[in-house]
Amino acid sequence: MRVDGRERLQLRPIHIETGYLMHPEGSVLISVGNTKVICTASIEERVPPFMRGEGKGWITAEYSMLPRATETRNIRESSKGKVTGRTMEIQRLIGRALRAIVDLSSLGERTVWIDCDVIQADGGTRTASITGAFVAMAIALNRLGEKKGFKFPITDYLAATSVGILKNNETVLDLNYAEDSKALVDMNIVMTGNGEFVELQGTGEESTFSYQQLQDLLGAAQEGLMELFEHQKSALGEEITSKIEARRKK
Amino acid sequence: MRVDGRERLQLRPIHIETGYLMHPEGSVLISVGNTKVICTASIEERVPPFMRGEGKGWITAEYSMLPRATETRNIRESSKGKVTGRTMEIQRLIGRALRAIVDLSSLGERTVWIDCDVIQADGGTRTASITGAFVAMAIALNRLGEKKGFKFPITDYLAATSVGILKNNETVLDLNYAEDSKALVDMNIVMTGNGEFVELQGTGEESTFSYQQLQDLLGAAQEGLMELFEHQKSALGEEITSKIEARRKK
Amino acid sequence: MRVDGRERLQLRPIHIETGYLMHPEGSVLISVGNTKVICTASIEERVPPFMRGEGKGWITAEYSMLPRATETRNIRESSKGKVTGRTMEIQRLIGRALRAIVDLSSLGERTVWIDCDVIQADGGTRTASITGAFVAMAIALNRLGEKKGFKFPITDYLAATSVGILKNNETVLDLNYAEDSKALVDMNIVMTGNGEFVELQGTGEESTFSYQQLQDLLGAAQEGLMELFEHQKSALGEEITSKIEARRKK
Amino acid sequence: MRVDGRERLQLRPIHIETGYLMHPEGSVLISVGNTKVICTASIEERVPPFMRGEGKGWITAEYSMLPRATETRNIRESSKGKVTGRTMEIQRLIGRALRAIVDLSSLGERTVWIDCDVIQADGGTRTASITGAFVAMAIALNRLGEKKGFKFPITDYLAATSVGILKNNETVLDLNYAEDSKALVDMNIVMTGNGEFVELQGTGEESTFSYQQLQDLLGAAQEGLMELFEHQKSALGEEITSKIEARRKK
Amino acid sequence: MRVDGRERLQLRPIHIETGYLMHPEGSVLISVGNTKVICTASIEERVPPFMRGEGKGWITAEYSMLPRATETRNIRESSKGKVTGRTMEIQRLIGRALRAIVDLSSLGERTVWIDCDVIQADGGTRTASITGAFVAMAIALNRLGEKKGFKFPITDYLAATSVGILKNNETVLDLNYAEDSKALVDMNIVMTGNGEFVELQGTGEESTFSYQQLQDLLGAAQEGLMELFEHQKSALGEEITSKIEARRKK
Amino acid sequence: MRVDGRERLQLRPIHIETGYLMHPEGSVLISVGNTKVICTASIEERVPPFMRGEGKGWITAEYSMLPRATETRNIRESSKGKVTGRTMEIQRLIGRALRAIVDLSSLGERTVWIDCDVIQADGGTRTASITGAFVAMAIALNRLGEKKGFKFPITDYLAATSVGILKNNETVLDLNYAEDSKALVDMNIVMTGNGEFVELQGTGEESTFSYQQLQDLLGAAQEGLMELFEHQKSALGEEITSKIEARRKK
């Protein structure tokens, strides 16, 4: 039994509240246990300079934490005057992951801006951000497609979770902060609804892991991700899920 | 009748949800109509260098908006690498206002960090921040006083609101964004429970105002502030309000 | 009697030297007692991006202090790599105040850049900056109007002063640094020649003030401001004052 | 056959020149085909603040490219005034990877600074950096251990390489820039001499990959890594390799 | 005859007003023709970290221009968030030059901060800064020596001027802006009262100069510098000049 | 005899390896004793904004050191977020020097970007950078002239060296770091193949120098520079040297 009473391969309770904010084209508040992230999607009618003239869209993400999302107060990155390496790494991951399931040609020369703001952190903020951002983006693209005249561009579901190996050598799913800070191995997996990998990041924290352990971790992740896709479908509702199914390769 | 159906001197609906986040010593989500701000209070066991050795505490505030708190997406200040003038002005205002109703000697050499993060903006974000931050701070100081061994240092209530003169020359209370962006005169007032001014900032927006108009604005603000104090008292509950009453000059 | 021998409601000696620098379109050295500020006005033939295409002008201000304008040396903001909150607040105030008495449509798509550089500081640098900047701007706009083909756009005089409540509860006018640093209440008032308020910023410094005290402060300020307008008229001379009178609403 | 004539699972020619610079405690020039990186290791007699008092050492890495390491000139990060997200991600990866095969307690409260400066880039700069940095660090730690009085702290070999899936669905080892920029999937693998994973980062570039493809990629990487360890051993020589063997878990 | 009516080897009119500001230990307003610089000297009772424990003092300089010191408005370096290369070069030059005529051991572990703020620029701002800063520093060191208990540490006079070769191949002394911006060769010379060089910086501006031309330039500079020393002596007065003479090597 | 066994007026061994990197249009590795600098030249098909429309080219330089080019590790300027004064000064010097021997009209509206990256430092990095950058630039301009349709624009050779006066009052040529850090006087001289000065920077390091010493320094430099031109000619080869000779004024 784990520190919060869960089974080894049990996710924390998931809630995805859509329409959380009034201004963004798409917004959700996602809770994964005590981790809470506001994810919004905004559409800009142009692409960054390096993409211009290619007839394709772009997706970019920003990630931030409130100073007291964490146990002790963090200095704001705006006060420091620069963004940390950790934040940049997460931002790049979120953007890259979402681009894998969007047909950028359908989107046309538009940028989807994803903002993930962690209001409460208890481990797994980057994976919760990806899972929530997918929903916010799908809502925004559904809402704007007809108005702006582009085809619904999402080609599959996308969610993320973490798996890890604890000090007792147990493989566990969806680590909370207490587990994550002591894990020997930490792996984040981003997967499509079809079970294909988009991103796989496994790290031995001053430790290493064997080929066999890797297989166990991948199996554990797969279970959790299938459950996350179901939460996304419920949150998105009939209209959007049927559009995704229509574009999905079987 | 105003754009959202209110009377001239009617506040928007106010909600103050305490204990909003799990980590901070004090936290609230305050809603003033559609304006929503997460206010947290954190205590640090030291003061900034310029205060050291004086045996007194300090209160400092930071303010930020989520990129899509607003109608169109704002660039994050962490991405810009610097904080705008508007943000700095608001941060200084919040800190200064709260210091007026705290006995810094009772607090001892500690810093109260106030964080106001606007998650949805519809006008009046700085005044909502002050009103909410007061509650978060009172909760934090009540919780920590005994543990850290200092006397409850808050000497009165503190709330803020805006008043303004619209294009039709009507004086109104608690402007929303649509009203604020077109007002001829905009005034923010921070007041104590005893009806004393802490801060008064009146600005003619490419306009001016007479002595008589100033008196009308002050009267309108007073009405709204009295109502705000009642909301704060409900949110704070018996234990804390009685401690404030005990220190209040009559 | 005050620390420098003045009466309660007496301004310090005022000197406004016009044509102080050879390059700017308008420049003054203003002295308010020992406070000395070089104010210049420059005209740029375009407006910032957010104003383009509206057919209106803009006025923006920058404020700085020499490192040894003060008793102890301040670190230059250029060395720090960023501008402090105090500087930004003052810059925004100066620009906002000047815009209130300029008909921006008459100005056309031009920007007036105001630079206020404090070479010696003894309290009241922001109000001296506004009073001096008004004169520099009027000279620049008078000089360039015919050449550039726009109508003289200034619609009234504009000056600023400070009032405050000292520890002995006396209300005083035009605080010097020694008074300002110990005042209970500090208020800056920007007013037009017609006696209308443009900006009113009153702050209790870890203190508060009552409605009655506010009335006393406003009365004191009014006296000082009337005198400042006379100094401005002398400095500007016949030609410019008559142009201002011509546009002034009576 | 690949664009440069290699077999699918063939590394590019590897050269590791030790003692490349006169000042650093350890330095190498590593060439992996046309990719050339100067790796240096420096020892500082203290650890960063967050590590103080724990009796353990730390390893941190910086990575940079000369502006014309690449086909078109890149703007220097020192001119931009900030480090890009890509650079931060690589720096964090190098440091994390090296920490996995160093017994930080043996090192004592010292910091190893790794600098990887790419002088010519043709794909695989981050993996070449890790492979080269390992050698530079081992030389530095061997040289300084006796002098500074710490036990040789390296517990195994460490090398990195890339594998990927090209547009023709072929799995290849050690991608050059031409291959990397068009690959569907790109995976970097950091492994110890014992064949354990330290870091696994697989990314679908606007694409995805299946469980079976992952297994193929891992197999390909393993072949290349075994060859890289042999190059490291030759470069390090008898004395250092025997020290590593002595600490290696079998 | 030159553009402003001067002879080839004639300086512009020089004025050095001492005691220009009330706060600094030493301050002057130096005018060299239309170039006007406020130079101040401040003493700090410690040295920078790299000098600590050596029992010697340090001299450091900062240089800045008001935005409208020049014909067209310059962006403030504080607004840009960084100091330009030109400013840094001048700051380093001023500090280095002054250190050559100060016995840093006599000064003890103190820092002299020199601030040169150009309020009006018409060529030669860096040489005017050095000439004026010398006077401000001598006044400050004279005033503070007895109080702080150190021996007067200045060992000789120090002044600077420019010479150049114009398009007509004439060698001229003390170039104004119009001359400087078109000169083929521009040379700044810093010299001691004994006629020794401290700094010599000659630059062909997209041009070159011969050995013979160099000799002509040096001769021209010498003439101007002797005159500048006389202005410095008048400004400093009997007490300080006799202290300098006492320490001067003959 | 000097610390490294050289005669007073003897250069250190010089090697200039051309074609050092595969991507830049021109690149060299220059070694002056233990000082090693990678110099590259890149051509951009536009000029900076302040040069546009003049039909002339521009040359700009950047200079940097690897962190462990020096005895103790330097903090990277990209990590600091700003470029030091020393770096800016050297960058400006390199660009200015090269512009003196290039006919910018022949170049047309193009920018030559020079990058000098010091990989090992032992004194004289700025002069080695200029000497090496000249060769890299000549190769790049020769290679691109025909392709881009501009006339070979280099009008003479250009090299730089240092001379100085040591503590024993000896004048020496080409100071290494040990000599440079203790020299009384340090002078950098940039000269054309025709023996004309381009730049002359002599500095007394808390010291001064006489007119006679200056003459000795100039003589010493001339000897070294003539030798450096021969090294440049060998490195450039027949084709390029004959193009330079063709444009050289005799």
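We just call them A, B, C, D, E and F in the order they show up, numbering each chain from 1.
Basically, a residue touches a chain if its C-beta (ideal position, glycine included) is under 8 Å from a C-beta of that chain, and two chains touch if they have at least 3 such contacts.
As the structure is a prediction and not an experimental result, all values here were calculated from the model.
Undergrad: Moving only between chains that touch, what is the shortest number of steps from chain D to chain E?
TA: Shortest path length, in steps: 2.
Undergrad: What chains do chain E and chain F have as common neighbours?
TA: Neighbours common to chain E and chain F are absent.
Undergrad: With centres defined as the mean of C-alpha atoms, identify the chain lying farthest from chain C.
TA: The chain farthest from chain C, judged by C-alpha centres, is D.
Undergrad: Taking all residue numbers at the chain A/chain D interface, are over half used by both copies (same) or under half (different)?
TA: same
Undergrad: For chain D and chain F, what's the span in angstrom between their mean Cα positions?
TA: Using C-alpha averages as centres, the distance is 34 Å.
Undergrad: Centroid of chain A to centroid of chain F, CA atoms only: how many Å?
TA: 51
Undergrad: Could you work out how far the Cα centre of chain A sits from that of chain B, in whole Å?
TA: Computed value for the inter-centroid distance: 34 Å.
Undergrad: On chain F, where are the residues touching two or more other chains?
TA: Within chain F, residues 81-83 contact more than one other chain.
Undergrad: In which sequence are the chains arranged about the ring, given a start at chain C and a first step to chain E?
TA: In ring order from chain C, with chain E immediately after, the list is C, E, F, D, A, B.
Undergrad: What residues on chain A touch chain B, complex-wise?
TA: Per the touch definition, chain A meets chain B at residues 21-24, 27, 34, 38, 40, 42, 44, 62, 64, 66-71, 73, 76-83, 87, 113, 115, 117, 119-120, 122.
Undergrad: Quick check: in the complex, which residue numbers of chain E touch chain F?
TA: Its residues touching chain F are 82-86, 88-89, 91-92, 96, 99-100, 104, 187, 192, 194-211, 214, 218.
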